[in-house]
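First the structure, which I've put down as structure tokens, then a few questions once you've had a look.
Going in written order, the chains are labelled A, B and C, and every chain counts its residues from 1.
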Amino acid sequence: MTTNMSSASPKKYVRKRNWLATFSYLVFAAYLVYVLSLFEVNIDRLIVGIDRGGEFIGRMMPPNFERYSLLIEGMLESMQIAIIATTAGVLLSLPIGFLAARNLMPTWVTWLARIVIVGCRSFHPVIVAILFVKAVGFGALAGTLALIVASIGFIAKLFAEAIEEISLKQIEAVRATGAPFFSIIAFGVLPQVMGRFIGFISYQLDSNLRNSTMVGLVGAGGIGGTLFAAFQRFDYDFVSAILIAIIAVIMVAEGINNIMRKLYR
Amino acid sequence: MTQPATMQEPLAQAAQSKALVIKNLSKEYVSGKPVLSGISLEIEAKGITAIIGPSGTGKSTLIRCINRLVDPTSGDILFNNQNLSTLSGRQLRNARRHIGMVFQEYNLLERLTVMENVLSGRLGYVSVLRAWLRKFSAEDVDKAFELLEQVGMADFANQRADALSGGQRQRVSIARALMQSPDILLADEPTSSLDPKTSVEILELMTEQAKLNQIPVIINIHDVSLAKRFADRIIGMSAGSVVFDGKPDDLQNDHLKSIYGGEDWLS
Amino acid sequence: MNQPTLDKGTFMEKKTWTRFSPIERTARFLFYIVTVAVIVVSLQTIEVIPEFLLDAPEQIGDMLNRMWPPDVTYYPSTIHEAMLETIHIATLGTLLAIVMAIPIGVMVAENVTQNKALNWFARLILVSSRSINSLVWALLFVAILGPGPLAGAFAIAFRSIGFIGKLFGEALEESAPGPIEALRTTGAPWFSIMTMGYWPQVVPTFWAIVLFRWDINLRESAVLGLVGAGGIGVALNTALELFYWDRVSMVLLSMLVVVAVVEVLVTQIRKRII
């Protein structure tokens, strides 16, 4: 082991280049240029766009709450849709998620359950809403059904994963005391999954609330319909009133969510 | 002491003189490769029995066969006037109530409190509804508090199990096992995850409780010096069979060689 | 076994145990009641025409019937280009969002920006971005920029700021304070602390967040066309309005395929690079 501490030239520090990163950035830049030209974006359009954007914001201000009864009606319907869809979604997700858990159920059962779950998640809620509108007519029913499907796709999947990740050691210990099956579930399984489950429910409630404000755009009930109508009539100040109401309701819902999570650990 | 019971002795008599009689117990996970080969043992109604042997030699399987967490391939397990290897369903559960078990990794219900963990020892006795609602009787609660006192965890009653150290968890685990009012205590490597000092404390606690409740204890342990220190009887296993059965003082280096193989590790 | 306990002087302070304290129990009970009441009220007041509900299975069956077999010719004629446009919308939107979300994410991270007002301001922007659906953003931008994919890209971008910004801010807040401290003591300027101290720590998380959002954006972009913001949604809308159900099913099928391919792609990227 010789130490090379001779009076050779001082080493220059050369920073190692992360070629992958540099390459990726270049690709992104090139892509950006390509797409912008594809979409026919040029300085002129951008300037016009900013101009019109400013004009637009002007027309949206100040928010006009004159037609507040319409607003409240629409928001209430959206909330109803979200609440019922989450409740029904949760109730349906429990058995489906259970059936999809590979550590509890035979393979063919889990396959079936998982196909159902993937099917529910395949399409955007709006598309599902459109299909339900065509099937059951305009109104809140279509919206509720669409969001039930969306809820199952999310909650059942995560519920199944939570069940698959439970520690079997705790179950072994409870079995050793001679406990009956449901007591084992109550002490050995549920405490392990409950915390996460409450988290899923609160997330899905939030998501359903956001989606319920939008399914109305395709006729499936809720404030979305009111919003769309306002756009079509160029009532942009009413539009901003509606948007503010939506943001406010969602923020309140987030607060309630936090409380629910604290209470139910 | 009485003569060892022979194979032909009737069930009742066998059960009277010994707490646990294992006859010809075998277990094969893969057929043709037995993990336990025809083990026969009799455990007295009191005292600490330590089972030693290398990993994979079937100690864990043996202990788990007793309370049927693992099903034996063949053989009888006579306990409390019953043959445990033939029981199933409710009868098996009722029999399990009388067997307390302490695990190597504590196996506590991590997200529940210490109190709930100890009370879970009564799950074999309370109805499903009351278990769900956590409505345990006043006697159960009193006993739980008392046991916590005895294992030195009274101040931790409302702490979550995952907030405890290893030694503390094992104490709670012992309290849980005793909560069942068991007639025998099984322990599968109870000290293997603990530091030397805590290991001694835990074994002292188990010895003390065994005397207090007058029940026998069977412990799997791989630390030979601890086994010699605490056990009244040592059973050495190797490759699925018993190769030593006697008092700790009788355990010589030759015996240890036949159990564990190799010489270098012997002091 | 245990002897029955006689008067040990402690029988006066009989200990009881319940799982939840009285306050907790009341709170939980109240919450239950309120939740149930809310659900019941919602069920009663929602406007649903019962005949439609009973009719539903038949209607759904009829619709599914008309959707089969899918119109394969629709693909080369319309779907292919529209699909590509959708992918461009999603990607451009995500890239734009990155540019806007990074400064906001920096602003919202409480360990990086200690100014409470700025934190609050950034949080407001993030919440607004997330609360307004991408479809609604699309409506807004179609009104401003006119119909077309550019409106869609901006809609995606503005919606994604909330997502990327929030998670980016959280990643910043979770970064180790040690290296930052070290850099500060050397007197490094703020920008250097950002690029040398924070950025290297959050890089993998950042790209994971971006990848995740891009995946979601692909699905979101697909429906923006319904309000005129370009992409496959336009093809879907046309087919729906004209009741060409076999074309509708072709569009849906193509969407499924693309989603599946992207899932595989994303999983591979996640495994190898991130």
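In the analysis below, a contact is a pair of C-beta atoms (placed from the backbone, for glycine too) under 8 Å apart; a residue touches a chain by one contact, two chains touch by 3 or more.
No experiment lies behind these values; they were computed from the predicted model shown.
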| item | value |
| --- | --- |
| Steps needed, at fewest, to go from chain A to chain C via touching chains | 1 |
| Distance-maximising chain from chain C - centres being C-alpha averages | B |
| Which of B-C and A-B has more C-beta pairs touching across its chains | A-B |
| Chain A-chain C separation of Cα centroids, rounded to whole Å | 4 |
| Centroid spacing, where centroids are CA-atom means, of chain B and chain C in whole angstrom | 51 |
| Centre-to-centre distance between chain B and chain A (centres being mean Cα positions), rounded to whole Å | 49 |
| Interface hub residues of chain B, defined as touching at least two other chains | 116 |
| Chain A - residues contacting chain C, complex | 20, 28, 31-32, 35-36, 38-41, 45, 49, 52-53, 56, 76-77, 79-81, 83-84, 87, 122-124, 126-127, 130-131, 134-137, 139-141, 144-145, 210-211, 213-214, 217-218, 221, 227-228, 231, 236, 243, 246-247, 250-251, 259-260, 263-264 |
| Interface residues, chain C side, partner chain B - complex | 1-2, 5, 14-19 |
| Touching residues on chain B, where the partner in the complex is chain C | 115-116, 119, 134, 136, 138, 141-146, 157, 181, 213-214 |
| For the chain A and chain B complex, residues of the former touching the latter | 167, 169-170, 172-180, 182-184, 186-188, 191-192, 195, 265 |
| Partner chain A, residues of chain B touching it in the complex | 67, 69, 90, 92-97, 99, 101, 103, 105, 107-112, 116, 120-124, 126, 128, 131-132, 173, 176, 180 |
